[in-house]
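In what follows, chain A forms one complex with chain B and a second complex with chain C.
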Partner chain A sequence: MQVKNEDIIMQANKETPTVSLDRRHDVSKNPLCLSGKGVTREFHAGGTHTIAVNNVDFEFREGELVSIVGESGSGKTTLSKMLLGLLQPTSGDIYFRGKKRDISSGRKKKEYWKNIQAIFQDPFSSFNVFNKIDTVLLDCINMTGGKNLPADKKVELMTEACSFVNLKFAELTNKYPFELSGGQMQRLMIARIFLLKPKILLADEPTSMIDACSRATILDMLLNLRDEIGMTVIFITHDIGLAYYISDTVYIMEHGKFVEHGSADEVILTPKAPYTKRLISDVPKIHEPWDLSTVSGSAE
Partner chain B sequence: MKNTVRQVFHSSKFVVGFVIFVAILLLIILYPLFFPGNPLEMIGVGTFAKPGTYVSLYDGINTETETLKLPGAADKRLDSVLKREDRIKMVAYLSAVGADIEGLDYMDTEALMELWRANYDETARPSGMTKAERNYYKRLNASLSSMGSSGQMTVTEHDSSGEEQVVATIGTEDYVNVSDVANTKNLVLGTDNFGRDVLKELVSAAGTSIVIGLIAGAVATAIGLLLGLLSGYLGGFVDDIIMFVTNIFTVIPGFVLLILISYSLGQDKRGAAIVALVIGLTSWTWTARSVRSQVISLRNRDHVNLSRLSGHSLWRILMTDILPYIASYVVMAFILQVSSGILAEAQLSLLGLGPKTTEVPTLGLMMNWAMLYSAHLNGSWWAYFPVILMITLISFSLNLMNTGLDQVFNPTLRD
Partner chain C sequence: MGKVMLEVRELTTKYVTRFREDVYAVDHVSLSIEEGKSLGIAGESGCGKSTLALSLMGYYFPPLHYMSGEIIVDGKNISGLDPDTVRKKVLGTDVAYIPQAAMNALNPTRKISAFIQDVILAHDPKANKKDIRDMAEKRFEELHLPKEALDKHAVELSGGMKQRVVIAVSTILSPKVLIADEPSSALDVTSQKVVIKMLRDMMDRGFIRSMIFITHELPLLYNVTDDIMVMYAGQIVERGSAKEMVFDPVHPYSRGLMRSILVPEDGTRNNKLIAIPGTPPNLKHPPEGCRFAERCKYAMPSCRYNSMPIIDFAPGRQYRCGHSVSHLREVYASEE
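For the complex of A and B:
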């Protein structure tokens, strides 16, 4: 109860979060940050053969906010794991800043992970419950070469990161992540990214498990982070409405394939693929009848 | 952590197991402090002395006596010397001389003696009775006559010149106070086949067996944990190799492997620590398999992925992001391994493949000695029953603690 009160107070002290269309960027001239050609991932288990991601091509530019939208099981998470380097593609290549990505050794992986970080869907399982919040943030400072910094400088950095996400480090120190609310934990995750300042952030449905009030705050912070650091944000979501509001570019994924991609306006206001149309019609609208026949019907 | 400990000690099963185990540990630690000495010291020359208090006869003679006129003392004395076989033979004699034995209970000493005194005739030659039998009855009658009378016993010893000197005259009503006798020994559990104090041996053996169990459990858990962590987390080729080896060890019956290794080592090399090591080396497989399955369910958790993205080393991820999550499971596995280590030692020793018999007693060795010297056939229950009880109590307490922990860490099992 106390935690929720603190949330409300912080929210009240802050300017209203803004998630609006005018925060989109034109990134068409920016150099390529992450791209892929024919990326495929297959799984074999007990005689079953599944193609989770099927021969996809993509181009994400520096400073771009890209949304990958699709239903559960469409291959979004498998693709995100391949982008993060946690899973190897069965075939196809991924390019980082124009060069073929090489994560063949532990050292090369570590080097790559300095450039790409993630925020996961479930804030409650994203933290090691045995590590204190200080440890989580100190790890980030150590990872960015700040291991030998004096203790007060480290505290200063952690305080700065926490204040970026409207948290007070002094109140968090010596606490465990599970003592925070879901919204606070997800903000702490953004504070972590603020310290790491990667080139690419992969946000895998970061708002799907938190309440609607905290959602706008989290999205606002993600957009601030993109503006502040100039990083590429890959936003994985099943909520096409949300994708429209925050994205520069949208990729629609169905059964492991990209069925449509382009600028957010282009894809969502003038959809071409039947699957995109269905996703749009599935979004419930206040003051309008909701056609449930399309929800359960097929894309065709 | 504090909350977890509180939860653990709220489990009645864990508390009962813990209390029994701590009581056994206290016995093992405190008993040698109060009753020091080598548990393998042979204090008895004969085998299997019954449990009870032993008083030195020699010292008793030289101890100041008190005269006590206790009612029924003569009958009790007769009762104690008149064995069952003697009574049956007395009834046979009475029957042979035509005495009225109708309704006689041969265990009723008073009635039997009355009839005996009335009918026994040293000169009688009942038909069919051999001379040897008549002599037996003469000796028996003499013994019974002296026992029943209020006579005296004279104790003599040879002095330096070889002449007999009267040392003491003992009457049937002379008693000594046990605390005045210089040498007495209370053998709560008697002695074993080698004349060793079974209680002292049992306490020492329980300690050794628990140490064997702890070493075996630690070795098995360490190997199983390490292989399970690596196999479950790394997967792929490493997993295939580790699981191949694990499956081979699983398919070969562990106990047979244990017997073969113990036998091939030879008795000279089989100290308690070596036996514990061999038990540990042959019983890690199920720990490895179960830890592997736990790790597989953890390795794709978000916090583990985040740790990988933070560039943490394999060792750090295993130790800080995976091991703490399965720690309760590992503790439970360790407790079970300790319990099964103690049982495995007992089984091995029972087969004569346990530790060297000259160094330390173990619960298994005590069972082995009792079996070799036919304690179970000659009714010397004190040589093996307390050992069985001790093994059962240790194993029971460990398993009870394990079940209690399981209920705390796995809420679906709570009552």
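For the complex of A and C:
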């Protein structure tokens, strides 16, 4: 407990309190990082047939911050599993840096995973509870070819990664992940990504279990990863306000299909698809009135 | 000024942990709500919002314990009553509660009509089953809920419908105070809107006479409630009307909270967000002085030792901070 409080004081003294998340980049000329053509995933269970992702095309460029927005059941998670290579598409192809992605064998899959990493919604279940924080970070160094580095160099790398996310490595050694708070754990997760430096980061609702006040810090760190390492960040969320703030490009997903995509300003401020319009009008707002009359009481 | 429906004076409740440690999750909270008004409670997780909701029902079971203070619902003091009396005489008629996870609140083996019967029979054991059925049908019709839902089991309903059914069941006796604890957080934006519309309708029709709405989603609170109260580490740090709280927060913590709102509106994208570093204090050993001092950018050395009382500074507005309101406003203006 003592360490936590010191950590707080340390941060309070140094951190800048305001964060601007408006860091749009023009990525239209960057080479393609991850793209898909006709990607479809069907599920068969107990006689029912569900098309979770239905013939979607996408093009994510290097250094782009893409948000995929949709309500629950729209197929966001199935798509992200396919992007991560945890599920195979039923049909269609995914291309990684212009070449068709090949994850047919375990070895090839491991090779692919060096290029793509993920942060999940629940920081509490993202870590192995038996591994100390040092081990978590050391694993990342070993995986990226730093196995034979001298010990002090390794410590230096870990310290650098921790300071990137405003954590103090010296206070984290010999601790277990569950001794940290949710926000700290999510930051440790980002420190891992900083060490691994993958080409693509898939963030599946990374802030939904984090408090509003810490949310800005986490989002700021994700943007820093993009700005400093040039990573492509794919942000999966149901919060259209959040997507508007941070993304270069927004894809709107409904029933397994992308109904609209384009720059964040284009999609959110001048939506064309009826679904996008509905999604935006249903979100409570601050400056514009929230029109409750557009829903009928017996909807559903 | 309308009639006061709920008045809470210095309510303190605690949790006792397995290791016999006391955690004061609601610490000297005072509030009041007038008839026809709604009060929103905002704050980060673990700040005591939900514990306050449970405490306001007057229904305590371990590890939650009532310590001191008064809860007065329409002139009737319900604090310190034994759980059985609370269940029979208070819940449903004076105070009703909507939990966050409606999905888990309904027994899967029973029909919806059975829940309504339970509520009514608990208060009036001689009630006629046919009357109850008529009453339920009438209320469902008024709320634009399909009557067929009464003969269904919880599993046959969608998430949004389950939440609306739970609201209809808990408010069947037209309670004086409805406590809605994150009633729409688990729902999609569209179902959320339907639930909110229903709650607003119920307020307008007088099915609920006042409401406490708990959520961490500030844009929602701004649109739903008349007043907003911000809680931090078991205490109220600021209260004011929804508009004042969103556009002119005084307490550094409320300001951080309000300045972390992300809404999809034109021109809001380049707003600077306030990031408050650190975590809330451990309530097993709360700090001596201001509970927010550790994380506060504006904290003075004395803030860490002097405990702050909550002060009225304008009609309907209260705050808890060692700085004066004018000083805080000056500092904020210089930062813009």
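By definition in this document, the second predicted complex is superposed on the first by the 267 of 300 C-alpha atoms of A that agree within 3 Å, B and C clash if a C-alpha of one lies under 4 Å from a C-alpha of the other, contacts with A are read in each partner's own complex, and residues count from 1 in each chain.
In this text, a contact is a pair of C-beta atoms (placed from the backbone, for glycine too) under 8 Å apart; a residue touches a chain by one contact, two chains touch by 3 or more.
Fair warning: this is a prediction, and the values are worked out from it, not measured in the lab.
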More chain A residues in contact [chain B versus chain C]: C
Which of chain B and chain C A:Cys140 touches, first, second, both or neither: first
First, second, both or neither for A:Ser163, with chain B first and chain C second: neither
First (chain B), second (chain C), both or neither touched by A:Phe130: first
First, second, both or neither for A:Pro284, with chain B first and chain C second: second
Which superposed partner A:Thr50 touches (first chain B, second chain C, both, neither): neither
Partner chain(s) touched by A:Trp113 [first = chain B, second = chain C, both, neither]: first
Which of chain B and chain C A:Ser28 touches, first, second, both or neither: neither
Partner chain in contact with A:Leu84 - chain B first, chain C second, else both or neither: first
Chain B partner contacts - residues on chain A that touch it in the complex: 81, 84, 86, 109-110, 113-114, 116-118, 120-122, 125-131, 139-140, 143
Chain A partner contacts - residues on chain B that touch it in the complex: 301-303, 305-312, 320-321, 324
Parts of chain A lying in touch with chain C, wherever the complex brings them together: 1, 4-5, 7-9, 11-12, 15, 17-22, 71-72, 166, 181, 183-184, 211-217, 220, 238-245, 264-265, 268-269, 278-280, 282-288, 290, 292, 295-300
Contacting residues of chain C [partner chain A, same complex]: 44-45, 143-146, 158, 160-161, 188-194, 196-198, 200-201, 216-220, 222-224, 246, 253, 256-257, 260-266, 268-279, 282, 294-297, 335
